[in-house]
Amino acid sequence: MQVNKYRPLIVAFCCNWCSYAGADLAGNNRLNYPADVKIIRVPCSCRVNPSFVLRAFQRGADGVIICGCHPGDCHYTSGNYYTRRRMALLFSMLDYLGIERERTRLEWVSAAEGAKFAATMNDFAEQVAALGENKRLEDLRCKR
Amino acid sequence: MKVSYFPGCTLKNKAKDLDVYARKCAEILGVTLEEIENWQCCGGVFTSKDEVATKLSSLRALRYAQDRSQPLVSVCSACHNVLKQTNYLMQNDQAFANKANLYMTSNESCDPYDGTTAVYHYLELLRDVVGFDKIAEKVTNPLTGRKIAPYYGCLLLRPNSVMQMDDPENPTIFEDFIRALGAEPVVYSMRNECCGGYVTMEDPDFSKSKSNAVVNNAVSFGAECVVTACPLCKYNLDKNTHTIPVVYFTELLAEALGIKEDCDNA
Amino acid sequence: MQRIGVFVCWCGSNIAGTVDVQAVSDALRNEPGVVFSTNYQYMCSQAGQDIIIQAVKEHNLTGIVVCSCSPRMHEATFRKTAAAAGLNPYMVEIANIREQCSWVHKDMASGTEKAIILGKAAVAKVNLNAPLTPGETPVTKRALVIGGGIAGIQTALDIADAGFPVDIVEKNPTIGGKMAQLDKTFPTLDCAACILTPKMVDVAQNDNIRIFSYSEVEDIKGFVGNFDVKIRKKARFVKEDICTGCGLCTEKCPVRKVPNEFNLGMDNRRAIYIPFAQAVPKVATIDPDACNMLKSGKCGVCSKVCTAGAIDYKQQDEILDEKYGAIVVATGFNPISMDKFDEYAYNQSKDVITSLEFERLTNAAGPTQGKLLRPSDLKHPHTIVFVQCVGSRCASCAEKGKEYCSKICCMYTAKHAMLIRDKYPDTEVYVFYIDVRTPGKNFDEFYRRAVEEYGVKYIKGMVGKVVPEGDKLKVQASDLIAGKQLHIDADLVVLAAAIEPDKSARPLATMLTASMDTNDFFTEAHPKLRPVESPTAGVFLSGACQGPKDIPETVSQASAAAAKVIGLLVKDKLTGNPCVASANEMMCNGCSTCERVCPYGAITYIDKEFRMPDRTVATRRVAQVNPAVCQGCGACTVACMSGAMDLRGFMSSQIIAEVDAICK
Amino acid sequence: MQKINRDVLIDRAISLLNSGQVSSVLGWRQGEFFYDVTPAVFTDENDIRENFVWNDFCGANFSKYLVSKTKASDGKILVFLKPCDTYSFNQLLTEHRFDREKVYVIGIPCEGMVDTGKLKAQVGDGLVSAQSTEEGLLVTTLYSDEPVNVDIKSVLAERCINCKSKKHVAYDELLGDEGQIEDSDRFDEVARIEAMSPDERFAFWQGELSRCIRCNACRDVCPACTCEKCVFDNPVSGVENKAPVNSFEEKMFHIIRAFHVAGRCTDCGECSRVCPQNIPLHLLNRKFIKDINGFYGEYQAGECVGSRAPLVDYNLEDLEASDVFEGRDTQ
Amino acid sequence: MHNDNRKIADEIILRSGVNPRKCMKCGKCTATCPAFDRMEYHPHQFVYMVETGDIEPLLESKSLYTCLSCFACVDRCPRGVEPAKLVEGVRNAVIRQQGKNHMTADDVPGKLDSDLPQQAIVSAFRKYTK
């Protein structure tokens, strides 16, 4: 048995109206997911500036996940559509720089999807844990 | 304009006239039907998509047209239905397309079929490429005063998601065609109901009742003649009903264009 | 530097069972800015709140962190507590250590560790919090109701009765809508006109209500409390204020064969017409597409016969600019086109009709004066087949019809069937159904009466094909319970066509920036708790524009929408959400990027003069956020490349502080 | 060899200046060395005659200067724009960064500009002069007796080899012949990097970005970087932190900058041109452009004024972020 | 036995690409079916019986060979279930077994008449034999 198993640090940005409520529902239903996941509440996924994602990585996060309302369900009607474009381009760029693409994720979780929230976090935490510690994104200028 | 032409086995045999009229009329309308070399029978019906082998003859015809950058045209409703459904599968089911192309290219030195061939029924060719208005201009012997009931049957229209020829419940292509020839189309409800199809072999009485229902409905709307694009429909209607004549649409076209006699003598 | 108090809640054992609350309050005591930290069994209880108030006073706290349940649960509670203690309510942050910690993690060690981190993040954020005050905007005390059907009428009457002025914009020449076309209403069978027309008269006579009939909304600007609306009053070529509605012109007009839309084209009207006897306003309208005078200048009969001199062939469309505090959408529904369902031969036979056409056919004011005669030969039909669910409940992959249940068809079909059997007992009536849906007061009883007392033949199954032949309609259908295919020679077939939102709804939604679902029904702010409000503030929903509804439901929603409007209009000022965006003018490039992403049109630009360090004055284009319109999504903050745009309550620096605290 | 002659430019500039139609001229002036051509404002006829430069070293894109120059000047400014410069010009107009009425644009054709780094690599240091000839450049250096003939193609800047357009998208008047939008191979290099393994990609960028000395030249020259106050100089932006203990700003500078200009970058290539460390910064911007084209349809920033940039637009059917790697090799 | 039936049904669902769960039991397929009189099990029953795994009676039914493949049920189904494809799926499950061809070459001469188009013969062969 491994005692000091590596635990990743995961930052989850959740929109207030859907995903944060989905996370609350996961709690109400006592659906477990790793304590490695730390949630930051934002009004809408479109409030998440790509620089927040980079900031988290640079400060030592091993994975960053952004959760928003499903397309068409945004409380602000269109916020998640902007998020989708921003994150698609950011993730693609990180991949281009040689960063493991499994460290980032954008997921749509509704207020009714407590189970999906827990399942997503379990899956993502496992995926990030499998990669090990984030080294590359701590310094994108990559000073050797 | 040149198109790849898939005549199909019945048109080489029991329905020769359907073929002859189609070719001669096409010439007048500025379309050359280039018969596909070594075409193989389409199989008459399109069967389950888990079968690859039964789609290969259609696939070869589609690729033949692709090689020549031509649309693929057929006159027989059944051939058209099989070609169009195969094409749809090649365009929309990647797994099937890969498998089918593998079959085809492993035995023949050819490129895989890429799904780009446009498949037209001769009627669609007339509507979308030639244009019914242009046909109307070329009519020398307008069929004025004739009340003609188009019989679509099943194969031209269904399944609609694939065939996309016309509204499956409220089609107009045949009616517009008849109008272009100067005749009066008879719109009747049974025009898209089944004649009994190939089940006629096992159960002739059954197809008799189906065919009768179609023709009787047409007659009740005042039809003097029924036109069809399918040899099997023609057979069933002809054999089982004797009230009004049943003819191929190409025959009417030839008549209106004034070349029916030439064709009959050919 | 803030002076922060940390309050860790046990929530009984809900939190304390998996989180060492003492360890959490001890750990957070050492965070920057924290001057006080404690824990208590139920922080939300009065005793718990008293602890907070006490601590604020004793320790001169400027900020509060509560480690407790979700902010969605008690953020409002603790903000009130802060206010009670004399703090700005927005100096409170919640660390969610219940739903997002103790309830989802089983292990005390990791739960405690995470709770501490979440607490640190909240502390880091509060360190950057600033007091926020909601903005105030005045309210224009007038409402606009778009659509003059029973929904719009009821909403307008209720608003007007509360003392507020209200305008109805109706695109047709008269108000009344679909209900005016109906014969009887289920489940009571009272006549629609008898209950509707008095309400129409009430509208006309109410001093607080103005009717803009034959008018359409052309443009909407502004926001809750302050809408600017452009209304196009179409030229009806009749002076509304002079016309007495005597109807002489409509008798003398020589153009007789214009399909009468009120009777769904089943008879004709004149080129100058009054839709029906009880129309409101009861004034004539000239149909410019049919009128000889307007088309060719030759006629003028109506002008000659009008003793009041109301005819004005030169009348032009008029554009009105009006201001409103609230807008109610009541645009209603229409039956869908039957073109794609021609297996039922709607386009082939006059004797295949829709249920709405049937309403006119049985209405005493309809084309047959209420006698049940079939359209083709005006003979009495002896066998009538009703087909339910035509175009309702269709899967999207079937590529025709609508996915939803149209809701009203089961009941009106039972009504039609019952009325036929009542008046003409010699008539056979078949109803083909998939399910009979009768959830409503006295609804199932009504349907059972149709079956049991009136002998309507309900058959579980669908019609597959209708073939007109001779003077019969050959109906081929399934009877699933008997396991049979039925062949019925019918005289009349009635299709229960699915209903869909009126076509005017989509462009209207765009003007209102109100959201719609994929079927073009307006979306409600919350499907359960805010069913009559649009997510767009100040826009309310009434009737079938929000989803299929029968009359009682429509009227209830109409009154509910009115109540919401009244609740808005009684306020002199609106207080907004203070967590809105604002642009730092010194950094703003004036590039318009934020304006492009704002879903509410909350951002405008002004040219502003700035005094430069060298004492010169420079004019720059800068963004301005209207705090009454901004909903605080934050899309603009990310779109802004200069970082001038920030969101109060969720500032970039605050979120980054949380990130840093978590990742430390 | 530029197809249009310096005299044509000068004559037109002087006539506009003298007629009072413009009050100043934004053009090129020689810097410390002949190859070091810098942007300059001319207001005097004689100054233009003597010092206005137009040759194969006039790479600088003037669009950005209009932001400050139009503010500082009451009169109209004449500016000479090469085809690729006009895209930046339009992009700045889209973002309301200057008043179009205060600018008079003369579009001039461009045959591509020399990359001085490449030239030095070929003939060595100590460049003294370069004479444009039909075939290329006749270059003299301090250390060579004979002038060296250099094939112009071998020393053209990368952005000119992969020129995206020789057509002007904005001008008041054109001198010389108008060109066409080119069929460029500018994304080939991006595709080559994409085809690498993640480790190779990381190593590649580590090799490039670790040379950065944070001189800010790329930002300062970039026509998309005209913010009133740059986020990297703004303490409340969340990305600035100058105290370099664990500097987020330093480490994420290039990706943040690339994201800031994503969808707005016209691919003018100025960032790479001015980088003293020769970091191929344009490959970051081009990656965004390539992705945008692939994900959301072809979009060329600056092609027309007022177009909606892809990052402030959306489509209900846009691909999901998880689908961006679809069809690409998995790691 | 029950398990076998389920397996066969699942195989038919997989191969035909038809999802019988989409059915809302309205009976429009059966209402529209021109071959109703010749069928023991009707289109909606095919869908229901495959859905529930009650497959044996279907495998033995002559209804398999009376479907005209007219596709009216496919186009008129409000839920996009495609019953005709399911009928074909069941038929294929039968005729693909050894010795289960519904028609052989020997049967053909007896069914011919001088006008019968080739199309009918090849179609019947495609439908009735493996």
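Letters A, B, C, D and E name the chains as they come in the text, with residue numbers starting at 1 for each one.
One rule holds in what follows: contacts are C-beta pairs under 8 Å (C-beta built on N, C-alpha and C of every residue); 3 or more make two chains touch, one makes a residue touch a chain.
Since the model is a prediction, treat every value here as computed from it, not as a measurement.
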| item | value |
| --- | --- |
| Graph separation of subunit B and subunit C (steps between touching chains) | 1 |
| Shared chain contacts [subunit A and subunit C, defined touch] | D |
| Winner on C-beta contact pairs when C-D is weighed against B-E | B-E |
| Chain nearest the overall Cα centroid | C |
| Distance from the mean Cα position of subunit E to that of subunit A, given in whole angstrom | 49 |
| Subunit D and subunit E: spacing of chain centres that average the CA atoms, whole Å | 68 |
| Distance from subunit B to subunit A - Cα centre to Cα centre, in angstrom | 56 |
| Sequence positions of subunit E contacting 2 or more other chains | 37, 72 |
| Interface hub residues of subunit B, defined as touching at least two other chains | 160, 169, 193 |
| Multi-partner residues of subunit D (each touching 2 or more other chains) | 238-239, 311-313 |
| Set of all touching chain pairs, with the criterion as stated earlier | A-C, A-D, B-C, B-E, C-D, C-E |
| Sites on subunit C touched by subunit B in the complex | 339-343, 345, 347-348, 399, 465-470 |
| Parts of subunit A lying in touch with subunit D, wherever the complex brings them together | 49-52, 54-55, 58-59, 71-72, 78, 81-82, 84-102, 105-106, 136, 138-144 |
| Residue numbers on subunit E that touch subunit C, as the complex places them | 22, 24-33, 36-37, 42, 44, 72, 76-80 |
| In the complex, subunit D residues that touch subunit C | 71, 94-97, 226-231, 234, 236-239, 260-261, 264, 308-309, 311-313 |
| Of subunit B, residues touching subunit C in the complex | 160-161, 167, 169-170, 187-190, 193, 216-217, 220 |
